[in-house]
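Written below as structure tokens is the structure these notes are about.
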Amino acid sequence: MLLSVEGVTKIFGRNVAVDKATFAVERPAMIGIIGRSGAGKSTFLRMMNRMTDASAGRLVFDGRDVLALKGAEKRAWQSQCAMIFQQFNLVPRLDVVSNVLHGTLNRHSTLATLFNLFPRSDVHRAIDILDRLGIAEQAPKRAEALSGGQQQRVAIARALMQDPHVILADEPIASLDPMNAQIVMDALRRIHEEDGRTVIANLHTLDTARRYCDRVIGMRDGRIVFDGTPEQLTTGAARDIYGADAGFSESATSTSIEALETGADADAAYASALMGD
Amino acid sequence: EGIKEFRIGLLGGENAQDRLNSNECLRAKTEKLLGVPTKLFAPADYDGVLQGLLGGTLDMAWLGASGYAKIYITDPKAVDPVLVVTHPDGSFVYYSVGFARKDSGIKSLADAKGKRFGFGDPNSTSGYLIPSVEIPKAIGMPMDKYFGSVKFTGGHEQTIVAVNNGDIDAGVTWADGQGAWEDGYNNGALRKAVDAGLIDMNDLVQIWKSKPIPEGPLVLSTKLPQDVKDKMIKLLVDMKDTDKDCLYNIAAGETAGFAPITKDYYDTIIELRKMKSE
Amino acid sequence: MTETTAQAPQSGIETIRSAYLAEMRMKRIYGGVLLILFVAMMAAGFRLADARNAGSFAGGFTHVFDFPAEILAEAGEKLGQMPGHFVEYFPALIETVNIAAVSTLVGLLGGALMSVLATRGMALWPRAIPVFRRIMDFCRAIPEIVVALVLIYVLGGGPVPAMIAIALHTVGSLGKLFSEVNENADLKPVEGLTSVGANWGQRIWLGVVPQVAPNYLSYALLRLEINIRASAILGFVGAGGIGYELKNAISWGQGKYDNAAAIFLLLFLTIVVVDQLSSALRHYLTKGAGHGHD
Amino acid sequence: MTDAATATTATAPDLKATADRLFARKRWIALAVPGLLLLYLVYVFFAFDIPGLAQRARLDNALTLMRDSYSYKTLVTRDNRADKLTVAIEGERKGTYPPGQEPDWVHVDGKVTRIELPKGAEVTYTPEAITFLVPDYGTVTAKIVGRKIETTLPPGPTPDWISASHTRLMVKAPEGRLTVTRARVEVARYFPGWEMFFFTLDSPYFGHSFADLASHVLSGQRIDPERGNLAGIWHDFWRNPVWRHAEVAWAIFETVLMAFLGTMGAGIIALPLAFLSARNFTPTQGLRFGMRRVFDFLRGVDGLIWTIILSRAFGPGALTGSLAILLTDTGSFGKIFSEALENVEEKQIDGIRSTGANAVQRYRFGVIPQVVPVLASQLLYFLESNTRSATIIGAIVGGGIGLLLTQAIITQKDWEEVAYYVILILAMVMVMDWISGLLRRRLIKGK
Amino acid sequence: MLLSVEGVTKIFGRNVAVDKATFAVERPAMIGIIGRSGAGKSTFLRMMNRMTDASAGRLVFDGRDVLALKGAEKRAWQSQCAMIFQQFNLVPRLDVVSNVLHGTLNRHSTLATLFNLFPRSDVHRAIDILDRLGIAEQAPKRAEALSGGQQQRVAIARALMQDPHVILADEPIASLDPMNAQIVMDALRRIHEEDGRTVIANLHTLDTARRYCDRVIGMRDGRIVFDGTPEQLTTGAARDIYGADAGFSESATSTSIEALETGADADAAYASALMGD
């Protein structure tokens, strides 16, 4: 058993953001978590990365309850469990390589990093990773000078630099246009396939989840309401997850390029809905 | 225990640069005599020098009597008065004179009733302390009641300019009391203003003159080692024989040289100042 | 991964690596040299200032509180006279505040006019833009003390020279800040007004002012605070107001330290009150009025 | 136009009434605000006694000032008692012409001295009388008879530029100024320019043109046999005893030094303290509140008062000024920096945190890169504005160009010196402004 | 002859933005100007409103060459020749009525307008105009609080407030969604029909021009290359105007609601073009 989530719960005041989430992952997989806004997807990932403390439950990875770790051990876990954010969360004023090198912060002494003294081999590895993601030429530029898709790939590079067991991605393509979204999702998939790392991604579109994931977990109001293969994720199941009524049209949430081609009807429907208003 | 440096404070009354220049010879002589770096400081007003002496950041200065009194009242152990500069006639007094513009019609204190009156610097003996004590006696009532308004101009130069410009109707400044009024006396703030072409003595009249005021002392910080004090006193006393030019520069005019003096000489001034502080 | 760069030849990576490392080395050297330079400048500057000062830092450090102690001691003795002193010096304080307020007002109006005349798209005479820019630079560069002292000579003592001096400087510095605000202002409304046949005054007043007013006011409030300090300090070197009273009390020393303490307190309270009021108001203006620039 | 069609005209009257009220209010504000401001200005107009000011304003002073700032005077003085004639630029010792080498407009012939002034005006000193020939007016004659001065003027009313009494005569003609007292007679002739700016009269290089000096430097032919040309020229210029370029340069440097030490020192001290007063870095409310009050206090006490307090401890000099700037600015920076820290973006810190970085690393990579531009630009902005403040503070603590300037203005001797200092100060501030703008652009834009 | 444009030319540096534009309008009409980006449409309207000075040519309106007017006369002409912009160009912080009242600025003294002293009758008229455009309830709101379509209607109201002879509209619907676009174009058409004012509108979609205009002028590279009725505007003519190749699809430029429903193919083409990049 690689990862076992046992009754993980997060309560904000009176609001139960994640409610006894329980599932297990046997071997490295690419897992998509879907659910509408506020369902608790981000909160779950943040608990797993230990950015947020859980209220209850256990999360056992490789035989160790990571929710119980403290201090340096906690930070060591964070370094093994990389996180990718919707807004990339890079340091915009620093150059791309420096941002990628931040993935090694946990491995080096504080003093050395304070003075930016990263080993040369790390720099080389960072550039190799960037190259793998197709953005090596951007290496000396400031992160803020890059396009959204490029920035997200830098964030993925930072994650890879951590050489993590797990990569968590919180809506990694929500801020990207369809073309960049595809590039980023392709990169994540490739990392999973080639390196055999577990990738857990919050996604806000069904079709992305279907297309890229081996397994899809659906959350609603903090609870896991679906857990299965992409094939099992029928429109009916999706309606349950999203709590949508019969008027629910899948393509309305789609951003993928292929979906667009068939999504025109939906657009037209949207427009006429507007007119009727 | 020796000293590491020697710091001389210079009172205002002249361009800062001029002050530094006129005292450069003294600095050089002191440096040679004491064998330590010697520096000159020319703060913007009386108080700068007084604060320096009180705080022990200056070692020597030539003060006005009232300034010395201020130091004595604040901290009797801060400085010792050691020397006074004597006039060519051997005296060491000068005067505070009140003056006004001729075309204002003021010819005496009586005419100045209800008019605007100006002092110089609060720490000036002739520019404030003495007139602020003697004038009320002469007019028989407090000055702020007698005059329309009383203000400090900031210094002798400013008083002269303010009277000349008509910003105030009458003011006080210092003069040696020798020579003629139309020249602005032989020495004093008026004379300097005349020499600089700032004023025309034809435009001004004297409306009051004080009793003689003792020249201010040259003081040394009490913290100085005795031998340093002795050396400095000897240097200055001997200067009338060794370097007349330098003496002329330091004293800003003709002088018969430095003469020893003690604190007792200023007791009256100290008392006056204490009285004013009540 | 459709991007061709993914298949960049190995030699390409080598050049990127070495270029990056070289750049990093340069940056490090550059940064190191700058840091050393800065530290050296600070150290040398401090030593120089320390050496040229009458008292040394080490010698004076322990005596920083001597003078305040003296003042407080006397003020403590004569505590009963304090309220009287407050009343006595209040008019002088008002004068100081008035100097600051009027000069800020004049600076606000002058700075606004200047900045509009110096902004592209708003200027009445676009060719004269550099002229107005230079005028603002010039006004900003003049230290108040220069103008104040020269004007005291011409106009005599009193609040007016200080007011003119501060106003002149305020026109320059507010003008510059306003120019930045103007540059961020949207010119579309101005075009809209041009198209209806509005004249220059109407275009600016109706098209620009509503956009920039909150930022203008916010900067002017900040300036008011600065100007109160400036007006006090000018009083100290020859203009009127509370600075003049402070100088006389402080100069006299023992015997008037209670007056000095009263003036200190008045000045301190005024500055703190204006400071707090202006930051509260500024906060309201920039946040409350919605999307200002910044 | 579905919604347009359905909008009923029945609501229009209401809307009109609302609009009328809206406009009534707007109008009221539009008139009241300027009205109040006007009222305040009227109050100030009288509180500042502006009407009285108009009378007191001395435009002639302004004219003197103007004229003096770009011209200089040469004084021809006869000491009546010692019967000695001196010709001196600005009456300075360093500008005194050696006897027998007077400028060509002064003709000394035994006891008679004839002084040529512009436009045919002329003053003659004889042992018996002094005559001043003023073109378009006539001849003014003064005789010293016993203790009195007897003045004869051309017929007609006495013009206001002549002031005569039995002790003193003063003629302020545009061509020159004559003063006669019993003790001495003096003529001042004005020339445009800053006299002896490069060399004083006693320097061997005085009177040489630039081209001339340059050719000497190139040919190596010494003007002063004692010294090399370049060294001599530099020495006599730099050590010019009238203009004192060396000391003025030091004063400028001292002013900038005060600003630099004060500003940067304050920045260094304020940065760590700002963390203590930022909500997101110091959860302890008491500590935060305490720090904020410390900043308020430092700022509220103001540079002026700090200057006074520190003068006692450190005495006169630049260090005192720097420390005063440092204390005030620590307060300002503390406030500004802590606001900048409170505005940092959490996203970036989260990004660093997610990699397992510890607190120090989070600050170093998540916070510092965000605040550095704000900090740097504020530091540079203050540096520039403190250069101006240091001018004033210098005048109080007795250091820097501020002292020279205030003293030159107060003693009112040489307005050209004032003009010189003012120009230098303007140049200094503008250069600092330029440097600070340059650095700001570099640091913030990165290139 | 109402309006006669004779060789109007505008040269920016070396770039001839409008090249000897010549046409005449006999009686009030609704005229659409089409042409691709940079064709000179905006420049022509701006010259007509005198926001930009022409380099050469005459533009005679009611017997007067408006290009020669100066100072107050120029501003008077501007007040008779209202302009509507793509970005509305309202004063966002002022309320709607004030924005509409700006249409009367040229009629009132500067001082009065500076103090907001608009006559009550004008205020009422402004409300009436807003009512006519269906946005009277928005009158007291700030312009920035309105939706794009509402803002454009405020801009039209401002134009009507000017009581102009001509209304110029520079891509009035380019920033609007299809529904609002229709409302705005309907309003312009109605103004033309009911008030008999001349309306000249730059349009970036053929179908809008066809549907609303009596006459269409096509510009290309600053020159007028087409001048005719909507019926004469065949796809071939359009290709000439747009300089498009055979792949030109009309619907690619369409924003109208009807067109959208059939425009899905174009969108798909756009997306795949992106991908091929």
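Note that the chains take the letters A, B, C, D and E in the order they are written out, and that residue 1 is the start of every chain.
Heads up, the rule we're going with is that contacts are C-beta pairs under 8 Å (C-beta built on N, C-alpha and C of every residue); 3 or more make two chains touch, one makes a residue touch a chain.
In UniProt terms the chains read A, E = Phosphonate ABC transporter ATP-binding protein; C, D = Phosphonate ABC transporter, permease protein PhnE.
All of these numbers come straight from a predicted model, not from anything done at the bench.
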item	value
Chains in simultaneous contact with chain B and chain E	C, D
Selected pair, greater C-beta contact count between B-C and C-D	C-D
Chain with minimal offset from the mean of all protein Cα atoms	C
Farthest-lying chain, centroid of Cα atoms versus that of chain A	B
Approximate Å spacing (C-alpha centroids) for the pair chain A, chain D	62
Geometric centre distance via CA averages, chain D-chain B, whole Å	28
Cα-centroid distance, chain C relative to chain E, in whole angstrom	46
Whole-Å gap between the CA centroids of chain A and chain B	82
Junction residues of chain D - those touching two or more other chains	56, 58, 61, 311-317, 395-396, 406, 410, 412
Sites on chain E at which at least two other chains make contact	98, 114, 275
Residue numbers of chain C (touch at least two other chains)	2, 52-55, 59-60, 63, 66-67, 153, 156, 237-238, 250
List of chain A residues in touch with chain C within their complex	97, 116, 120, 123-124, 127-128, 131-137, 139-140, 183, 186-187, 190
Interfacial residue positions of chain C with respect to chain B in the complex	52-55, 59-60, 63, 66-67, 70, 153, 156-157, 237-238, 244, 247-248, 250-256
In the complex with chain A, residue positions of chain D that touch it	347-348, 350-358, 360-361, 364-366, 369-370, 372-373, 446
Touch list for chain D against partner chain B, complex	56, 58, 61, 73, 91, 163-165, 167-168, 170, 177, 179, 181-183, 188, 241, 244, 247, 311-317, 395-398, 403-404, 406-408, 410-413
In the complex, chain C residues that touch chain D	38, 41-42, 45-46, 48-50, 52-57, 59-61, 63-64, 66-68, 95, 98, 101-102, 105, 137-138, 140-146, 149-150, 153-156, 158-160, 163, 229, 232-234, 236-238, 243, 246, 250, 264, 267-269, 271-272, 275-276
